[in-house]
Structure formats: structure tokens, C-alpha cells
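Chain lettering (A, B, C, D and E) follows the sequence in which the chains are written, and residue indices restart at 1 in each chain.
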Amino acid sequence: MSLLSTEPLRLLASLLLIIAFVGLNAAYLVLAERKGAGRFQNRPGPNEAGYGGWLQPVADVLKLISKQIMVPPESDRLLFRMAPLVVLTPAMMCLAVVPFSDTLVARNVNVGLLMVFSFGSINVMAILLSGWASRNKYAIMSAARVVSQNVAYEIPMLLVVITLLMSTGTLDLSEIIKQQAGGFWHWNFFRLDVNPLAPVTFVIFFICMLAEANRAPFDMAEAESELVAGAFTEYAGMGFGVFFMAEYANIVLGCSLATVLFFGGWQTGLGALPASWGAWKVLIGLGFFLAKMYALVFTVIWVRWTFPRTQFYGLLNLSWKILIPISLFTLLLSSVMIKLFA
Amino acid sequence: METPVDTSQIVKFAMLDQLLDLSRANSLWPLTFGLACCAIEMMAAGGPRFDISRFGAEVFRPSPRQADLMIVAGTVNKKMAPAIKILYDQMLEPKWVIAMGNCAISGGPFVFPNQYAVVEGVDKLFPVDVYIPGCPPRPEALIEGILTLEQKLTGKRRWPVVKSD
Amino acid sequence: MKTDILAVPRGFWSLLTGMRVTLSQFFKPIVTVQYPRQTLKMPPRYRGHIELILDPETQRSRCTACKLCERACPSDCILVEGAKFEGEKKKSVTQYELDFTKCSLCGACIEACPSDAIKFSREYNLASTSKEGYHYDLVKRLAEEKERKSL
Amino acid sequence: MSPTLDQIREHFSGPGLALSVTPTEHAAKGYHLDVSVAPAGIVPAAQALYALGFGLDAITGVDWIAQNEMEVVYDYFHPASPLRIVVRSRAPRDNPEFPTLSDVFPGARWHERETHDFFGIRFAGHPNLIPLLLPEDADYHPLRKEGAP
Amino acid sequence: MSAPLKIEPATGSGETFVLNLGPQHPAAHGVLRVKMTMDGEYVMRAEPVIGYIHRMHEKMGENRPLAHFLPNTGRVDYLSALHYNHAFVGAVERAAKLEVPPRAEFIRVITSELNRISSHLVWWSAFLLDLGGFTPLLYAFDDREKILDLLEGLTGSRLTYCYFRFGGVVEDLDPGFAERTRKFIAEMRPRLKMYRQLVTDNIILRKRLEHIGPISPDLCLKYGATGPVIRGSGVSYDVRRAEPYSVYSQLDFDVPTFPESDSMARYLVRMEEIVQSLRIVEQALDKLPDGPVLGKVPRVLKLPPGDYCYAVEAARGRHMVRIVSDGKEAAYRLKLRTPSFSNLSLFEEASKGMLLADALALMGSLDLVIPDIDR
């Protein structure tokens, strides 16, 4: 009975926390991106709304909410309205499995990694839905691009994760982090004994994560200068706002996954903390996790404001002809190393 | 030309309306829509020296659905007039128009007896909220135009008035 | 295939140099003139709308309403009227209308003026919600300027 | 490789090719040779100049209302030599008709459509002589001298 | 990867649709409409529709005094306005045989070359914006503001200059102009190195531009394309060398050409031209003679009857002004031969069978200014 009574409450609370986390993150990552872009370009970025611009996301969201709601005339009304929902929910559900700290995890599923990847590929379908439903030539072209792009980048990502699983042996994210306890040389990023090309696998994982979230050099979906506003051309007001939020939710998910898999999640990397601190350890762990994640998010922003967009064929060639061969090679190398030494 | 007062709202939520107006004033997303020389000054206003991103206005949305401010920067041609009218209609309420440069205000230097190609002023097509004279106006004038639009929206001006010497 | 192997690391290195450049710009100071709070000083030859010059000795405009500027203007934005008051050799200007919304700031009127009566003003940040404000009456503005000076 | 002025002059002084060939001072006029041909001679002149490596620079229409004639001026430039050749020809004003150059110089299609826009000069054999700069349904020719657009 | 990506459109699919790259499109740099018949992502036929910003410049040149056309010249191609001033003023001087003092000619060269650099910087930022990179626009506009300060202090306007007159220039250099210009040149050179590291050597950009949009020299001749487009195809045709005007014959600079004739070659031509223009400004400042800046001009300017041309190397190519005069005070016919008009006319043939993204990269590499096309 006790399990019954506390568990649903706990689940509800953690789900609300995750929705708040994704919402706040999306709003303030937009501001961080605009201020970051400003800093990269020697200009201050939004600083007139509130002190230093911290009210800018509030202004944007309120404006987007109060915009006129419009569904294009001959478009498929049901699909058009459903697409924004379908794009946001998978990102939020995957975050339920990510361990923010050793006890701060919504629902520790022992096949957590599998769940993340299975839900991760739903947002492709959502963008296809929005592209098809808005009956706009640009939207359909962009939807077609997104599908082939995500398929092309799903494979190297999975190959890289398989090389990792061979050394960790488990799909449970909390378990993976526990294995990386102790000094930071225990993090999978530095575990050269198991996989001598570990940094390369991280770089491939990072590139694939960018392509999955349609970001930076691979933003084929919303290729501003070619396909007007890509799959979101017909969306206005909060419909467009939700797509914006989903993009940032995907980035947060990608970066937190990278942190968990490669940089030891909430491990401090300075050896075990004295047990006497008790509750404080949870907070310190959370702090370290967020710090690593936001460092990766900064890199995503940094990459976006540096590179032009790749050509569509270049994007596919990069995946099929370079990333997949390299990840296959690391898979072979890692399995040989594990067989011989581990 | 003042925009007509919206009498359909019988009950006016003063606080909510003020809050919405303030938030709309602070996040005006312009439509990527440069016609001629003034478009280069509009890009310069987006540049690092004048930086309209301070006012949250640097998100140039290419699709009229997502933009709520149309900056008409350049000469409006009779062949282009129907296209601009369609663009204006595609934009969603609440939307505003800034006529930047003499050509958008009154046809500018291209007005001469029996001229056949230029629409003399964009306010012949749809209501305009702010006029910025100049040929081309400096980027500061465009920022001043955005501040005037925000003053028109929220009723008060939060920035110092700059008198040129 | 050999050149392809070399292309990948060299390409990756070019990406890194690009990122190094943007990072170095990240720490450079901002170059923005934050307009309403900080302003730029207009150069002496800046071309704002034209205005009549207040002649320091006679405290009146030097314009003799000869209409040369009206003829020289390519966009016909100037309208000048003058009248000859008794006791004076030359006419003096009574009405000087400038339609600034048609002016292209070419300076032909200033060069055509024989008595150097008009110059470019330094107004660079004009904006308003009505366009009628830009049909300037330069004689009235001159009178206001004279009052401001006399205060 | 680059042709010389005399080579072109004797080409045009052949029988029946040009009405008049007048070399001009580049510093005074801006071009080296001014050839005026009958409307029928425009295309052979263009083919000859193209063979010599000239490129089409511009087609200008002029409306001589006093002589009741319409004139078309073709400019040619050469990438390797400083030579600039001008070929002009006239046609009666009420029925201005010139053969099209679009088979020799595809770039002439747009120039000819623009000249048709402004002067109403018809170019026989032009693939799609519809307005280029004016609205699609424009029936007026603004640069004609008889005033009202 | 090094061999060109031969991409054949899926022939025989037969099902094409017309995509309207409408008058309002981020990659259209203004109001250019391209009717593209597309087969999937491939462009079967891209037919540009122009005239959406036709401003009757040639109509305004006639039956009005010659001086009334001066402000128009700055607005045909507002990015290299001084070149267009130079062409019109040169045509009138050539027709009326006016003497231009040498100091005025040197000032014209200095200001025109500074204007070319600012035009190439705007092209570079708009081109990178087409390819998806946003930061270079900010860096280029930061440097361009320095040039605009120089020219604003001298001429009074930032973009649409009206500074040249028949027989010279309006006013002499303002004090401190030479020092400020030399300081700008010294600051600009390291910035160019930064641009090369950030963009030119970037492999993503190389993959986007190499072997994309080949334009052969013969195609340039057939369509009359000039400027960086023809120099990108290996033909070193530059009006400053072919028909030396003003004092360019006394200045030493070389004309950059790249034989690959693809978008990357046109990109490199313009980046190299910025370096050459800096050299020209430096030499012109050293050789600047003293003396008046405005020759004597008759009160009412009447051109002897005839047909006069004056060609200039504008930022986009060969710009020629033809004045046909019948002896009266106004020009009888004024023809503006603009480079973007011819450069765009070859887009239909050059972009057959390309991908949409490459067709837009090709259009960006042609460096179009739409009022320059429509006049």
C-alpha cells in the first residue's frame, strides 16, 4: 500500500518537475543562444527587456500566446494541430529516464537507453507530419529532407552506443554512471583501455546528436535561406513556439545523454565524496551534471554560430561514407580490445 | 492614421492588456523583406554597431505567418503592389507596418509628372503605423522608429529622447 | 581513396580553426553604440533635411527668394515665395516649404543658392506616426530657432 | 588571338554589308568603330563578331520621332582586346521590325524584350516577346517620344 | 570526395512541380522572383521574373536638365553608388569635353575603390547568409561601418552618394581623411586573414562551392556577363585595364582571375579584389596631387549632338552609360548598361539540373543587386 501511495505521487511530482525543467530550459536557452550569438558577434544581444534581458523570453512567450491562431485553409486540420504535440512529448518522456543525480531520477528503467532511442526517433515523424499537413511546397520539401537526414544519422549514433554498451554491459543509465565512479579517468570518454578511440566516438555521437536535433551545420529542416521557414512555414504563434521548445528540448536531451554516457553523469570525477555529507551529495551531483550538460549546450550554440550549412548530399555522404565506417571500425577495435584484455 | 479603437472588447482587462502590449512591444519580429537601398540600412541596423537585437527585434522571420512587423524598406512598384498586399494579408494579427525611407512614405525621388511604375506611398495599400523619412534613413532612425512603435503600443516611452545637436 | 583519407582530418582541422576564431571573438569587447543611451556624433558634412541659415549680423535669413533652388531640385520638393519690403534693396523670403518625404538629399539646392542661405541640418533620427510632420515650413523653424537663441 | 580594328573594318567594307563604317576616337566617343547596317545585316554582323570572339554588351533603342525612325544600337566588347564596336540600324517608326539575335547571343533575348517593353520595337523570331520589366499586361511603351506613357 | 559530385536528376520521373521563389524570399536579395520547375529537389528550369523594382531611371534621364539625374545614379546600384556616379559624370564630361583636375580624378578613384570594398563586404555577408552562416555578416558589417564613417565624413551620405559633379567633385577631402583611411587599411588586412581562417578555408564552405555552378567563358560571352563572373571563368577582362579611364593607368594593381569557373572561383576573385582595392587606395593616397577639385563648367551645359558612351568597372562588372544627345540642354536618350542584368540572364542556362541549394549558391555567387537589374 505504501508503495502504491507514494509511487504515483512521486511520479507525478517528477513528471511536473521535468515539464517545468523542459519549459524553463527552452525559454532561457533561447535567451542564452541570442546572448551567446551576440557575444560571438561583438554585440550585447537582448538587454532592454528587464535587467540584462532576462525578461525577453517572457515577452516572446506572451506575444506568441496572444497571436492569432490560424490553420491554413485546405490543410489537414487534425494533423496540423497534432504535429506540435507529437514533437514535444517524446523529448519530455526521454528525460524521465535520465538520472539527474543518484536518487533524482523520475523512473529508473533498466532498459533506459533503449527507451531513449526508441522515443528519440518519433520527432522525425512529427516534423514529417507538420510538413505534410501545412500544404506548402517548402514544408513538404523540408519534411522529405528531414526524414532522410535523421535516418542517415540514426545508424552511426546507434553503432557508437553499441561500442559503449559492450564495455558497460548494461542499458540502465544509473548503472552506467555508477560504473564511471572514482576519478575522472574512469569516465567512458577517457577509458582508452576498453576503446582506444573513445574521444572519436564522442565526436561522432556529438555530430549525430546535432543532426538529430536539426541544428547547426545540419539545419536542413528549417533551412532559412532556402526553404523559407521549412516545415514550420505555416505555423504561427504558440504552434511555432512549441516547435522552438521541442528543438531546445532535443538539444537538452542530447547533451544530457552525452554527459551520462561519456562524462560520467553526476559523478564528480574527484573520487568518492565522504558519506557524512549525505543529502548534500545529491545536490553536488546535480550541480556537476548540469554544469557538464550546459558546457555541451554551449558547444552546440558555439557550433551553430560558426559554420555555414552543409549541402544536402554532403550531409548524407558525411554519414554514409565517413561516420558509419569509422564507427564500425571502432566497434571492431573495441570488441577486440575487450576480448583480449578485459 | 490612428488604428481604429477596438470597441468589440466590452470588458477591458487593463492589467492584462498592458502586459500583453508590453510583451508585444518588446518582441517585434520583423519580416525579411528588403526592397531597395533602405534594406541595406536595415541590415546595418541588425549589424553589430546598431544592433536592434537589444530590443528583441533581430529575429527576421522569412515566413509572414511568424512575423508581426513589416518594415517596408524601399520603393514599392506597381508590379510588386499585389504581392505586398498578399504578404500583408498573410501576416497574422496583431501586426504593424513601418514605412522606412522616402520611397515607402511618398514615392520619394521617383515621383515626377506622369510616372508609370511607382506606388506613391505604401499607405495607399494598407495602414502604416510609423513613418521614417530619409533617403536612406540612418540605422538609428530605424531604431527610433521601433521605439516610436513601442511607444504607440504601450503608451509610454521607456527610453531617453535623443535631440540631435 | 587515399586523398579522401587525408581530406577528413584536414577538413576537421579547418572546422577547429573556424571555431577558434569565433571563440577569440567571444572575448572581444562589444562594439555596439547602444542608441538611445549612447549616440554617435554626426560629421560636419552630414546631410539631414535642409534649413535656412540665421545670419548672425542681420539676425534674418540671407535668402532673397530667387527660386534658383526650386528650379535646381530634381524632385520638386521646394516651394519659395518672397516679397519686397519697402526700404530694402532685395526681396526677402516669406514662405519656404520643403516636402522632405520627396527629397533625395543630393545637395543641388545648396550649390545653386547664390547667397548661401540654406545648409544641411544634422537631424538623423526622425520618426513619427504621421507623415504630415515632414512637410517643413523652414521660415517658421527659423523663427523658432531665433527665439531659442535669444533666450 | 585578339582581332585588330583594320581586320574588322575590311570585313565590314565588303560588298553590301554595311551602309557606312566610321572609325571613331575612343577618348571622344567611347567606342572604336561605328557601323550602321540595314536591318537585314544585323544578324550576319553579329555572327561575324561572335566568330571573332566579341560578346554582346547591350542593345539600346532610340526613338527619333523627328525623322520618324526607330534606331537600335548593338554594343560589342571583346574580353581580350580593348576594341569596342557599335552596330546600329534604323527602321521606319510606324512599323519597327528587326530580326532577333537570340540564336547567336542568347543574352540578347532579355535585351530585346526590354527594348520591346520601352519602344514597342518587334523582334522577328524572338522566342517569347512578353514584357520583361513592365507588368505582364502592360500595353504602353514609356520611352516613346509621343509623351503619355 | 575530391572528385566533383556528378548528380544526375532522376530522369523520366516526369512529375515536376513549379516552385515560386517569390518576390519575397530570403535568398532573393530583394524582389527577384524565380519560377523554378522542380523535379523533387532538382531544378529543371529556373526562369527569373524581374521588374518588381523597376524605377524608371532611363525615363528620368530624358527631357530633364542633366544635373537632375545625378541623385538617380546613386540609386541604380546602391552598393557601388560612386562607380555609377563616375560613369554618368564621365559620359557628360566626354561629350562636353570638360577638363577634370587631376586631384579630383584621384579623389574619385580613392572613393570608388573604398566603395568597391564596402560592396564586396555586403556581398560576402549576404552570400554567407544564403549558405547558412550568420556570424560573418556581423563581422563584415563591423568593418564596413568603418568605411562608411570615412565616406560619410567626406560626402555626407552613407549609401546613396551624390558626391561627383560634372568636372570634378563637390568638396575637397575633409581634414584627417588620409590618416583615417591609412589607419583603416592597416586594420583591414588582419581582418581579411581572420575571414580566410573562419570561412574561406572552411571545408563545409568548400564542399558547398567547389564544382558548383560552372560558368564557361563562352557562356559569359554569349550572355555578356562581366566583372567577377567572367574573371571567375579565367578571362581577365577588367574595364580599368581594357578601357583605362580616370587615373587607373597610373596605378599598379593586378586583375585576379581563377580558371576553375565555379562558385568558389567567383568567391576567391572578390576576396582577392578587396586586397587589390586596398593597394589601389594606398597608392592613390600617396600620389594625391594638390590643386582644385572642380574644373570650370559652362553655366548651361549643352552636349553636342551625337552618341557618347563611358564604361566603368563597377563592383558587379562593366557599367556603361550611353548618352544620345540632339544638341538641346537635356539628354535625348540615356541608356544604363548594368552588369547584374547580364549576369542574371545566364542563370537560366547555368542552373539547369542543379539542386535547389546549389542553384541558390550559384545565384549568391553572381552577386545580384535587384534594382541594378530592373533599373
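For this structure, a couple of remarks:
Note that in this section a contact is a pair of C-beta atoms (placed from the backbone, for glycine too) under 8 Å apart; a residue touches a chain by one contact, two chains touch by 3 or more.
Bear in mind the structure is a predicted one, so any value in this text is a computation, not a measurement.
Between subunit B and subunit C, the least number of touch steps comes to 1.
When the partners of subunit A are compared with those of subunit B, the chains appearing in both lists are C, E.
Steps from subunit A to subunit D, minimised over paths through touching chains, total 2. Comparing the CA-atom centres of all chains against that of subunit A, the greatest distance is found for D.
When each chain is reduced to the average of its Cα atoms, D sits farthest from subunit B. In terms of Cα centroid distance from the overall Cα mean, chain E ranks first.
With each centre defined as the average position of its C-alpha atoms, the distance from subunit C to subunit E rounds to 26 Å.
In terms of their C-alpha centroids, the spacing between subunit A and subunit E amounts to 44 Å. Centre to centre, using the average C-alpha position, subunit A and subunit C are separated by 51 Å. Shared interface positions of subunit E, defined as residues touching 2 or more other chains, are 1, 25-26, 51, 54, 56, 59, 64, 71-72, 75, 135, 138-139, 142, 160, 198-199, 202, 204, 374.
Those residues of subunit A in touch with two or more other chains are numbered 38, 40-44, 224, 228, 305-307.
Within subunit B, contacts with two or more other chains are made by residues 48-49, 51, 54, 62, 79, 109, 112, 115-117, 135, 138. A list of each chain pair in contact follows: A-B, A-C, A-E, B-C, B-D, B-E, C-E, D-E.
Listed in rising order, the residues of subunit A touching subunit B in the complex are 34, 38, 41-49, 53, 55-56, 58-63, 66-68, 70, 224, 228-229, 232-237, 240. Those residues of subunit B lying in contact with subunit D across their complex are 78-79, 114-117. Interface of subunit E with subunit D (complex): residues 50-51, 54, 56, 58-59, 62, 91, 94, 97, 217, 220-226, 230, 235, 237, 242-243, 306-311, 318, 320, 322, 324, 326, 332-333, 335, 337, 341-342, 345-346, 349, 374-375. Per the touch definition, subunit B reaches subunit E in the complex via residues 31-37, 39-41, 43-44, 46-49, 60, 62, 64, 74-75, 77, 79-80, 83, 87, 109-110, 112, 115-118, 135-136, 138. Subunit C contributes residues 30-37, 39-42, 48-49, 74-76, 99-105, 121-131, 134 to its touches with subunit B in the complex.
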